[in-house]
């Protein structure tokens, strides 16, 4: 097998993994702070895919640019959702949150089915079929763009948590809820902000996904599971972990399908997940709970 | 029925009335209602199995379709390949499911994996097994395993070959048997230990409870029960596909009833199944009657109903209803 | 819907306790005299919704055509939600509500779930689409299948590849078989493994690759395919996977002589044309297809245009055609039997002999197992973003073109 | 020289900080023994070493002549040492009776027997009337007593009490002191308590160990210990002598 095939496969794995990682990042942020497991995560990603598709179909808006308004809109949506729907369930047992969000997921998937039908929808970008050729290695343009955009979003989010006052306040909440409340932080507001930020990540990732995959309501459960796998592998609550987890899963699936059997590729992801849970349950970059 | 000694008079009467009316239902009910009741019993049974792990021992499993699928596949394969009857197949399925349960439990509990992490571990095992079965030649890979339906076996009830009445009473027996078993377990030493572990592991250990062993017992009993449900499913439907029976959506489907009904209660899984399955069937008829024929409409209402239920009665319908009916032991 | 049946539903809503169940005594309501009531069970939501809704559009177009032919039918549409449990309970409900015949159910598992109900209740079941061989191997007395089994699909598909090679004079040496690892894809793979070695095809089958139908991304699969350097790519896909495959082939500049499906959905579905535009052209599907030269097909196409203004009949031809034919078989048997009663109606269905119908092939007849052995296959090539019959010659409206033109100058 | 409980040269470090530093002491059967010391002196760590939460980095612990250092908490409880938690942790979703019953099940495998035994323990600790209440609904003093009841229900030979009097009113403290004294007298129960409330310590303890910065600085009879100048300087201060 020529060597450039291996390079191609590795690059594909890394680039796809970065976009997956961005999607998982949203889940990780929400869980890390609010301690709510968003079981409707994939569903929101698919809603964002449809919005990006609509933006392209109606205004010719490139999904990579649509990422900004969609991310913003999802931030608002997330804020409101947290304040009005999910907040009463914060601190309640996981199974109650689970039913609430599973119900929401069912509504979203089937609402999309009613609105858009089951056929896949696509944004036929002018550069959608182009690829770069570097020393015999072919790399899709869309994948490079999407991965670069995912990195930019992740970097912005990272900077926000690292250096902004609000970001630091949110981290304080995550580290010590009681302490944060005592020093007068508005925890409810910060939780809603965090949920909004997590949702903004999902929205941005969903918009980017449109350039890589076709939108259909039935994608959602697979996205949710993928995001969970990545977050656990990378480390729940760790932002860099989500990206590293995404890349690890992306690359392992790529090589599994290239060298072993494409139909069994997600088996390798689950095997990694099981191994991580057994050997390093806090995830690759997670802190010990 | 000493395990029901804790019930007050009114509750005993209601339970007896409930069992009697279900036993007599085939006399009056039509085939559609019987088929819905079979589904209700099936989900009540599986809910009861899951409830042992989550409701009693506090271990969140989102991969119970694994045990159902193993019970189904093992019994079905023994029947189609070697003519081994389902009763023997059931025990073989149980053994395999328990082996998987033991592996998950050992990994999870030895390394102190809990909560969402444990849930993901169970999902990972279920998905891993689904893909493995998708590639297993012996059971027809992804193409499915078909149980032969032969006219000459049509009345071999001992081989679970028969009409809807056979499956009706079988499912009813499963549901009531699970209720009895869970009541007995709940009243026994292990039942108390499960609750202790669910409430506070460190405190339980300080009271001399071997938390690991107690949790292992929960996963073993729960997986064995779920696998029996799988054997029933295999012989009721006569065809199995990894992508359907091991799917995560099946795991989620089977845990809705106990949560909605009342997690950790004995009646909760049954009540939840009696709410959710008819809710789904009723919504199909209702949306049809209302002329809402767009596919997905029913499911949207179903999802909204789930959200409404958990909003109104977060700890389940049964604890709320029990108060209303005056069945609370003073 | 009648009053009686709505009572039975409310009874279920109320918890289906025995007391209330007494109200719901079997509600077999006789339809209007002279009308056959057919229950149509299709997966219109859930995982199989795309195909289920495509079939549904055929069912919507059917009544007008059947009425023109002098048949009187009333259809009751039910969504199985891609769930075998619901397929089963809804089959029971349809029969309770007075359905005389059931059709469906697209998926093999759902079909067998419904078949058991029909067998027990002695109600005929006409399968529209479901390829698993065991369906007609179980000795079911109340089931017929007007659809090819997996092995038939592959046998006909491979034979047509030979004709295609002869007609276009291409000379492929290597082929790779790529299939979705799901129920249907696996059935095709089994058939391929069994049949290909016996067919003496002029090319070598280098490898068979199964891919994960749930995968979000098939770029690596295409890289692997490319590394095997096949001249022909034989694919068994689901609707949306075909798009991903072709798109990544374009991006990776991989240009085989042709992409041929030996009988699977994917490359004739509307979403394929929408997504790929000119790149959707020249791919070939070898499978049963509507006969464009049949008068009944043309009537169905006209009716389809009025009942489904937003959809093209050409892209729904396969699903809509078979769904229509299932209804046709039931309506015709009813006309001959003159009764809605299950046993004589089933006898009439088994005695079906319809020379005029919509799909390519000989008269619709059923063998002792209830299988129609006369269904033909056509070689359907995408041309100008429309599936066009190019072989066999008696049904063809265009000549096949292979090797397909390069990706480059298309867009 | 095998005493009932023998702690010899026990040391425990956390990331360089020595929480318990070469502590030795011993207990006679039936004694009531107290450990005092300022916050951060290592009392709770020493306790957790005895209860099996941590294994010591050095030293030996023997109970009735058998080494128990490093055993799991449940094994230690099974051996006959029961404990309470400084921050009480009753099973909140269960009734008071069920809480005690779970403790009693250790020695009474039959649930009916266990319930009876649990009932007796609850009566002893004045909780019988509240047996049907959920533990979560109890007041703090009740929860502290429930914590003790649950531990006592395991029928231990040695009871480790971690600040059970803290936050209680003097009358409640006196009541617990009386109960403990009665238990020790009737059943020969040995008690080791960590306590800040000197009033209780002086009333109960036959001997006192004083910890400071992880090290034992004094050990002996209460009256002697509270006069020890080092203890006075380090911990008790003037007010304790009033």
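Observations on the model:
All chains are identified by letter, namely A, B, C and D, in their written order; residue positions are counted from 1 within each chain.
As a working rule, a residue touches a chain if its C-beta (ideal position, glycine included) is under 8 Å from a C-beta of that chain, and two chains touch if they have at least 3 such contacts.
Because the structure is a prediction, the values reported are computed rather than measured.
Counting hops only between chains that touch, chain C reaches chain D in a minimum of 2. The most distant chain from chain D is C, comparing centres defined as mean Cα coordinates.
More contacting C-beta pairs link the chains of B-C than the other of the two pairs A-B and B-C.
The most central chain, judged by the distance from its Cα centroid to the centroid of all protein Cα atoms shown, is B.
Per-chain CA centroids place chain A at a distance of 32 Å from chain B. Averaging Cα coordinates per chain places chain B and chain C 34 Å apart.
With centres taken as mean Cα positions, chain D sits 50 Å from chain A.
Distance between chain centres (mean CA atoms), chain B to chain D: 44 Å.
Residues of chain C in contact with two or more other chains: 45, 49, 52-53, 181, 210, 212.
Among all residues of chain B, those that touch two or more other chains are 131, 134-135, 142, 295-296, 299. Residue positions of chain D touching 2 or more other chains: none. Here the chains touching each other pair up as A-B, A-C, B-C, B-D.
Interface of chain B with chain D (complex): residues 187-189, 192-193, 195-196, 198-200, 202-211, 330. Touching chain C in their complex are the following residues of chain A: 1-2, 5, 8-9, 12-13, 16, 110, 113, 117-122, 124, 128-131, 138, 140, 143, 212-214, 216-219, 222-223, 226, 253-254, 257-258, 261-266.
Taken together, the chain B residues at the contact with chain A in this complex read 54, 60, 107-108, 111-113, 115-117, 120-121, 123-125, 127-128, 131-132, 134-135, 142, 248-249, 252, 255-256, 259-260, 263, 294-297, 299-300, 302-307, 309-311, 314-315. By the touch criterion given at the top, residues 1, 6, 8-19, 21-22, 24-27, 44-45, 49, 52-53, 77-79, 81, 84-86, 88-90, 92-93, 95-96, 108-109, 112-113, 116-117, 120-121, 132, 134, 138-140, 181-183, 185-187, 189-190, 210, 212 of chain C touch chain B in their complex. By the touch criterion stated above, chain D contacts chain B in their complex at residues 51, 72-74, 77-78, 82-83, 85, 89-94, 98, 101-103, 105-106, 109-111, 114, 132, 150-151, 154.
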